[in-house]
Amino acid sequence: MSVDADRGRLVVAGDDRPGIVAAVSTFLFERGANIIHSDQHSTDLYDGEFFLRVEFELPGLAFQAADLERGFAPIAGRYGMDWRIVKAARRKRLAIFVSREDHCLLELLWQRRSGDLQADIALVLGNHESLATTVAPWNVPFHYIPVGPAAASKAAAERRQLELIEGAADVIVLARYMQILSPAFVDRWQNRIINIHHSFLPAFAGAGPYGQAYGRGVKLIGATAHYVTSELDAGPIIEQDVHRVDHRDTVDDLRRIGRQTERAVLARAVAWHVEDRILVHGNKTIVFS
Amino acid sequence: MSVDADRGRLVVAGDDRPGIVAAVSTFLFERGANIIHSDQHSTDLYDGEFFLRVEFELPGLAFQAADLERGFAPIAGRYGMDWRIVKAARRKRLAIFVSREDHCLLELLWQRRSGDLQADIALVLGNHESLATTVAPWNVPFHYIPVGPAAASKAAAERRQLELIEGAADVIVLARYMQILSPAFVDRWQNRIINIHHSFLPAFAGAGPYGQAYGRGVKLIGATAHYVTSELDAGPIIEQDVHRVDHRDTVDDLRRIGRQTERAVLARAVAWHVEDRILVHGNKTIVFS
Amino acid sequence: MSVDADRGRLVVAGDDRPGIVAAVSTFLFERGANIIHSDQHSTDLYDGEFFLRVEFELPGLAFQAADLERGFAPIAGRYGMDWRIVKAARRKRLAIFVSREDHCLLELLWQRRSGDLQADIALVLGNHESLATTVAPWNVPFHYIPVGPAAASKAAAERRQLELIEGAADVIVLARYMQILSPAFVDRWQNRIINIHHSFLPAFAGAGPYGQAYGRGVKLIGATAHYVTSELDAGPIIEQDVHRVDHRDTVDDLRRIGRQTERAVLARAVAWHVEDRILVHGNKTIVFS
Amino acid sequence: MSVDADRGRLVVAGDDRPGIVAAVSTFLFERGANIIHSDQHSTDLYDGEFFLRVEFELPGLAFQAADLERGFAPIAGRYGMDWRIVKAARRKRLAIFVSREDHCLLELLWQRRSGDLQADIALVLGNHESLATTVAPWNVPFHYIPVGPAAASKAAAERRQLELIEGAADVIVLARYMQILSPAFVDRWQNRIINIHHSFLPAFAGAGPYGQAYGRGVKLIGATAHYVTSELDAGPIIEQDVHRVDHRDTVDDLRRIGRQTERAVLARAVAWHVEDRILVHGNKTIVFS
């Protein structure tokens, strides 16, 4: 679906203070913007933090966004807000990191083409070459960047990855990418790296979650999309879902069933991110879905 | 959970016009109210209808609600809004209509006691006597009002029901009540009668939905809570849910499995109603859950 | 996953009579087969119908299946059974019928390649040309067979379709194929045509189910996979699922959300069919999932 | 629903050997039993373990169960099976252990009365007195057995509990019982103590799972029914389910939402246990649901 050039989003976070909603909505009204959706969350009744996402229509937004920002800055300053104004028509660009598994990658490619995912896929980076042929028919650049076990190889790979994505992508999606990124890399792209972990976190963090789940005999298996932090599988959770399994299912069955959950959960998380629906609060997310 | 005496809700519906959010939020700010949650929905980008529910804290609300209403009336007039201001501490009173099945009734009685349902149960009316003993330990009045097949008997029963509930209840809950209310009765309590139908409407409206579902061989059975209108099982849907069944399940199994879905769906619908989360728009509901 | 050449399935239906399980299991034991899974269903305690699916390992099955069938025939005759013995390694061949929507088709192509779907895709038939490019990279023949509104055009198209699939395919999958097949065609492929309908049947049969669902204001939208009969959208249901929607969702949103449910439901139904897990009983299915 | 006196169950576990199904089904056939349902599971293709549950009708079962057992013993011996024959009409007796929370207890009491739970509730033991009034109208004995922090108090309480339940109950249900039973107690009732833990295990084992879940920011909360072993919250999982939550939900909301999941999961687990549907295999369960 094509996005209206007049559609904008105002996203705000800060200390909760009386009058914020009135100040923001009055500003938008006076500028001629029509509020389409407005979502708000306060973490506490008093002295909490305040989160707001407003979606609005403003005729001519494309040509006056900078002016709008200048107008809003003093209001934001008065209330001490973190904020941004986003043109919905300015699609975010994804850099998708993959290894050998294709299901999450294919889901994003397909949702992009069908218009369900309002983003562009700028490039795909693989530490294996095997998905190059999968990507080929989609007219998306694929770069093969092998990552060896040595620290030097990892560092070189990250340098190459950063060269390719800096300025070319807005968000990194780890679509079953089986390498751990360095803390320095993660810090640089804070709250802009989305990973899919194939378990219902915090259960079964780390390697081989389906094997762990099988060993424990759980009756549901899950998948978790989260922002990556320097602590493995411990970043802010964006979305989770589960699927029922039973005693007949082998580890291979869990993998097969889990693939459906993984790709659905990851695709929802990416969609929410590129639509500016996710605000990070400490180690949690607020999702205005 | 006890409800704060300072907690209020402002619910608004009307034509969508620029500046409504600004006008409402500025009014609340100037009156010293702190907005806790705010939910808004517009049915169309332009020229649609506008629905708003604001939950706020206003110190001393108990003593100044009338004053607040007087203050808001001119704003509402300017924008042509339907509106109400509600004190959250003023719990709504339920009149629960039952026949022989107890599961929906028990769920409401239990959720009331546990504090999960923020309402009072004013009275229970049964067209059979059998649930009198079920109600007895809960300190809620039970009235047995038999309904015969003749029109005169039905009319007499409705007169007696209305005598008991007018002024004593705010909402009627048909908790598996197996009689059809007259159009005159329904009109009098428009959008204030909640029924639970034991199917996924619009499939299997009317009598014997589990038998119908069994006959059709569906793989999921459902339940639907809706406001009652004069057309049977066709009123605005509030909530629905389903549960998986398979070829081994008999009609009795469907009834047993369905009971869990029915009581959960009805309890959610009643909770949303008494918390003023439901707005009716034509034959649909907007639920700010 | 590659299928063991020794793996077989025995599927039985008939009047329930004492001793059937003993007769079948003794036969398999005496032939040297090891029972891996066994599922059984009787429709009534007495005088019902009996359904059985046994999955077994028999060393050398590939070379003695005919002999096994000859041995089983007298037992089947004694109990009046319908039955078949199937080599699991003999993959069923799908003919996929499509129109313009790609999501169900792609799901089957992906699941085929990943090995999740144990079938071959023999050919794709489209009444529009648009999906030819989608199919091209998959090394699967695509045939464009336009279907005009006139009866003669429909009949000619069906003749051409039958020419292509007879002997080349074992099952037809209508993957959002927007044409109605003639009763003669349907009879010829009885219980071997699987359709995905984009609603929770029996609600919203016929055209435009998402529009119908939107108009009714349902809170869940569904999809239904069923065998095609000559009565539109009324054949035996194989699988159904639903997804939650709310008042914010437009008809386009329902279509987008529904696509996920449609492809998942269809893929499960096709997988169960090709693994001989579905038995049809009147207008219902028994699914040994 | 009343259970037929002729209905029996044969439950078998042991090493998988060729011919077991034939031997068991031939035995039942020769004894005049009609197989209603039969579920089988083998853990591996070769050299695995074998689990079987057969539900059958045998006219006069009530009077010949002992004879049937004598007849089956040599077959069981030949194959080295663990086994039992159960009369379905012989309802299992529950001892329900509670603390202060009533929802799981009430669910079992309701399901018992409605006939959904095919068991008797022999007695309720509380380490607090507060649920005595809840139990009073149900004609079920309530025993108040306080448990102090000292080891001697715990030991005395367990002695008293054992005195009350030995011979009087077949299975112990910990319905939000907030005390830890000693290893000696647990061993004595191995695979006959069902606990409900208010998290999706193995996540959030131990105390305060809703607080832990809130702190981690999960998007689904769960409940887990499992057999109790001497390792806390680590026994074989019987059933799990989850419910969606979001950033608006406080810890109290998680508790409220979770209550629905807890009682449903526990009730399913208890129903499966009393219907002999659960077989324990190492630290996992096979559930023939």
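By written order: A, B, C and D. Residues from 1 in each chain.
Following the convention adopted for this analysis, a contact is a pair of C-beta atoms (placed from the backbone, for glycine too) under 8 Å apart; a residue touches a chain by one contact, two chains touch by 3 or more.
All values derive from a computational prediction rather than experimental measurement.
Chemist: Can we say the copies chain C and chain D touch using the same residue numbers, with more than half in common, or are the two sides different?
Modeler: same
Chemist: Does B-D or A-D have the larger number of C-beta pairs in contact?
Modeler: Higher contact count goes to A-D.
Chemist: Distance between chain B and chain D based on Cα centroids, please, to the nearest Å.
Modeler: Whole-Å distance between the two chain centres: 37.
Chemist: With chain centres defined as C-alpha means, what is the inter-centre distance between chain A and chain D in Å?
Modeler: Between these chains, centre-to-centre, one finds 42 Å.
Chemist: Where in chain A do residues touch two or more of the other chains?
Modeler: Only 37, 41, 248 qualify.
Chemist: Which residues of chain C touch chain D in their complex?
Modeler: Residues 18-19, 21-22, 25-26, 28-29, 32, 34-42, 45-46, 57.
Chemist: Per the contact definition, I'd like the list of chain D residues that touch chain B in the complex.
Modeler: 1, 37, 102-103, 106, 110, 114, 116, 137, 248, 252, 256, 259-260, 264
Chemist: Which residues, counting only chain D, touch chain A once they are in their complex?
Modeler: 41, 200-204, 216-220, 222, 236-242, 246-248, 281, 283-287, 289
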